[in-house]
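The structures considered in this document are given below.
Here chain A shows up in two complexes: once beside chain B, once beside chain C.
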Partner chain A sequence: MTATIPDSFKFPDFYNFPPFFTIQPVLATREKQLGQWRELILRYHTDLKIKTLVLHECPLWKNPKIERELTGDEIRLVMDDFVTSGHGEWEDPQTRTRCRILWRKPEQLASDIYDWAVSNGYVNSVCTVFELHSGEDVNGMSFQGADEELLRRALGILESQGKCALFRGDTSSEDGIKFF
Partner chain B sequence: SAAATSSSTKSSNGHRANTSEDTAKLVNMLENMGMTSALSAKESGSVYHKQLSRQLVDFLRKNDKLSKAGGMMTLTDVYCLFNRARATNLISPEDLLKSLEWMEKLKLGMSKRVFEESGVVVIQDDSFDDELMARKLADLASESLHGEKILGNQMNDVQSGSLGPGDRIMPAKGVFVGGITALDVSKALKFSALLANEQLLSAERMGWLCRDSTIEGIRFFPNCFSSGDFSIFARFSSTAVR
Partner chain C sequence: SSYPYLRSPPSSSRFYFFMKWALQSPPPASRIFNHNIYILPTQYPMSHRRRGVGAARAGAKAYTKKAEEMNAVSLARAMETVEKLEVKLEGFAKTHKHEIQHDPAFRAKFLEMCAPLGVDPLSAEKGFWGNMLGIGEFYYELSVKVAEVCLASRSRNGGIIRVSEVKDILTQRGTKFKFADSKNKSSYSEEDIVTSVKKLSKLGSGFRTVEVGKSMMIVSVPEELDDDHMKVMDLAEENRCGAYGVVTVKGVTAELGWDHDRAKRALELLLGKGMAWLDAVGAEKYYWFPR
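Let's turn to the complex of A and B:
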């Protein structure tokens, strides 16, 4: 069952360009095209706050207005490129049907989190993982509403950079982070 | 001494020995009289093909045959046209191929060209400019985005008297998307669909065009990926599907 696209989502003009739905044989042209697919997939899932792309349910592959759609092989190609670029991760790498969308790359989130921590006076003080995605202080930040799996990835990067340390809490949401 | 030997051979045998040296002398004599076409290609070798290459070029230039065909013609077309005009003393495919080598060497203004992916071989006017052709095709493709031009006798959706050649129509069925096919190019620029296809592929490789592939075939569009300008497709945002 393909999901329906809410009217609120504004499609880019290139979505109505028929060649957009044919993976181009000329590599230089293909590069630009795949860049647009990455942009579209990311923006769609970010705007609508959808965390996982389920291949056969995703409504992006077909544009009824111009009667064009990607073939199964072409969808795979687009998704492989999307994952390679670091914007997504397969939940099932063997079958590759469900892709976790990394709204921001973990590296990007890591630096966003650290910058926020510094400017909000969290250095040498502790906050919980919960506060990081749902606290009052994080309004408008890129990591607001991020799922914990992704946050942990980002925090892991900060830890390896010596910018924070993680502490076990009673529940995973209550795990603490001390920033340095 | 050599002359003495050969004359002594003659006088001792009483008749002329048929040596290859004699054949060469004979050929040379006939060439000087301009009679190479009377000999088989095997004997006169490259002289025959040299002369043939000039004859081919003259033939293709006469009545602007090559220009009218768009500046290039497939070898098969050249072969057929040339032999048909000759009526006798037909050339073989091998003759045609060998004489092609001479065209370039003698700088006759035309040469052989092989299209990379399909392997199609043509004779092309040296003045033929791929870039120019690609631009022309890109223009045709851009024009196609504004409505389907009626070409020639295309009368499918035309009510008699209300529309004519050059007018623009929107198709009655399906969604109009634009783009050009090899057939469109062939009609517009007056060369064969096969060559039109080669030119479209060439323009695509050069980055002037991109393709839209459906079960109905391939249509070519201007390469908006590289220009980044998709504004003309904004019209679909508010139009309902017919």
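Let's turn to the complex of A and C:
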């Protein structure tokens, strides 16, 4: 059962261009097309704050207004490209039906978090994972409301860069982060 | 007498009056040169007529010499008139500087007037036209913006874009020019865009305008589009579906009378250049031309 698209979502012009729903044979044109698909998938899921793309439930593959849709093989191609670009991860790499959408790449989140920590004076002090995604100081930041799994990934990157250290708390949300 | 056009509203009649006024005082000797240049023997002294054939031949030489002299004088007179016209033109431009800079229709007519006189207000960077009117600078600015739009859209349309679309994009961007009023955003016309591309192409940049059907397009890729491709694009222009042109192999063979292979070859080439995109619906193949 496909989800319905809320009226508030603004589709880009190329969504109503029939060839958008045929994977282009000319490689240079295909590159542009796949770029457009990546952009669409990412923006749709980020704007509507949807964390997972379930292949057969995603309403993007079909545009009834112009009577065009991607075939199963074409959907696979688009998704493989999407995952390769680093914006998504398969929850089930064997069957590849559910894809976790990384609204921001872990590397981007990592640098966002560190910048925020520096400008808010968290260097050499501690804050919790919970504060990062739901605290009062994080209004408008890219990691507000982010998946904990994603945050951990970002923090892992910062750790490997030597910019923070993680401490175990009572619950996973209470894990502490010390920024350097 | 005063200049009638100064008081009348902007219109093409203004130009007519200007030309009439500028040419109103022909040089006094012009009456002679309006007619046949050759002087009749009767206008020479009677002594010529009494001589024989040899004398007539010598006379003929004298006529040719005289004819050349009069040609030269005629030319000098003509050049004097042109110089006078140029001066008048400069005066006109000074008086109507504001309209020329801000009104695209007026500007177009003004350039039309300059062309037959060999005056090109756009090329002279320094000197009278460049400093006074500065419209050379205006076209330079415009051509840079047009080039930007063309290059940015190249990945979408393969390097060919309608002039009207360029204007839409620039208007949407709210692009401001040196002479653009804040109230009159579109103080440049499609004609201006075409003129600025002509300037660009003179610089050997590979930009050029091309007519496809009823639309004027700007091509920014160096590849030559040959006749076949232009015909296909013409056809696509005529068969628009919404904002996009579309054709099929069958449509091309039917409308243009080509065989299947020729039609397919042309379409495949346009696909390859990125100017057309493929739309496969079941067994049908449509070739779309993006805006």
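One rule holds for everything that comes next: the second predicted complex is superposed on the first by the 180 of 180 C-alpha atoms of A that agree within 3 Å, B and C clash if a C-alpha of one lies under 4 Å from a C-alpha of the other, contacts with A are read in each partner's own complex, and residues count from 1 in each chain.
Heads up, the rule we're going with is that contacts are C-beta pairs under 8 Å (C-beta built on N, C-alpha and C of every residue); 3 or more make two chains touch, one makes a residue touch a chain.
Computed from a predicted model, the values in this text were never measured in an experiment.
Overlay on chain A: chain B and chain C clash in the combined arrangement. When both complexes are overlaid on chain A, the residue A:32 reaches chain B and chain C alike.
For chain A, the partner that touches more of its residues is B, with chain B and chain C as the two candidates. Once the two complexes are overlaid on the shared chain, A:22 sits against chain B and chain C alike.
In the superposed model, A:65 lies in contact with chain B only, and not with chain C.
Contacts of A:11 after superposition: chain B is touched, whereas chain C is not reached. Superposing the two complexes on chain A places one of the chain C stretches 97-105, 151-159 or 187-195 into chain B: stretch 151-159.
Common to the chain B and chain C contact sets on chain A are residues 16-19, 21-22, 24-26, 28-29, 32-33, 68.
Listed in rising order, the residues of chain C touching chain A in the complex are 155-156, 242, 244, 271-272, 274, 277-281, 286, 288, 290.
Here chain A touches chain B in the complex through residues 11-14, 16-19, 21-22, 24-26, 28-29, 32-33, 36, 64-68, going by the rule given at the top. By the touch criterion stated above, chain A contacts chain C in their complex at residues 16-19, 21-22, 24-26, 28-29, 32-33, 68.
Here chain B touches chain A in the complex through residues 174-175, 177-179, 204-205, 207, 210-214, 219, 221, 223-226, 230-231, 233-237, 239, 241, going by the rule given at the top.
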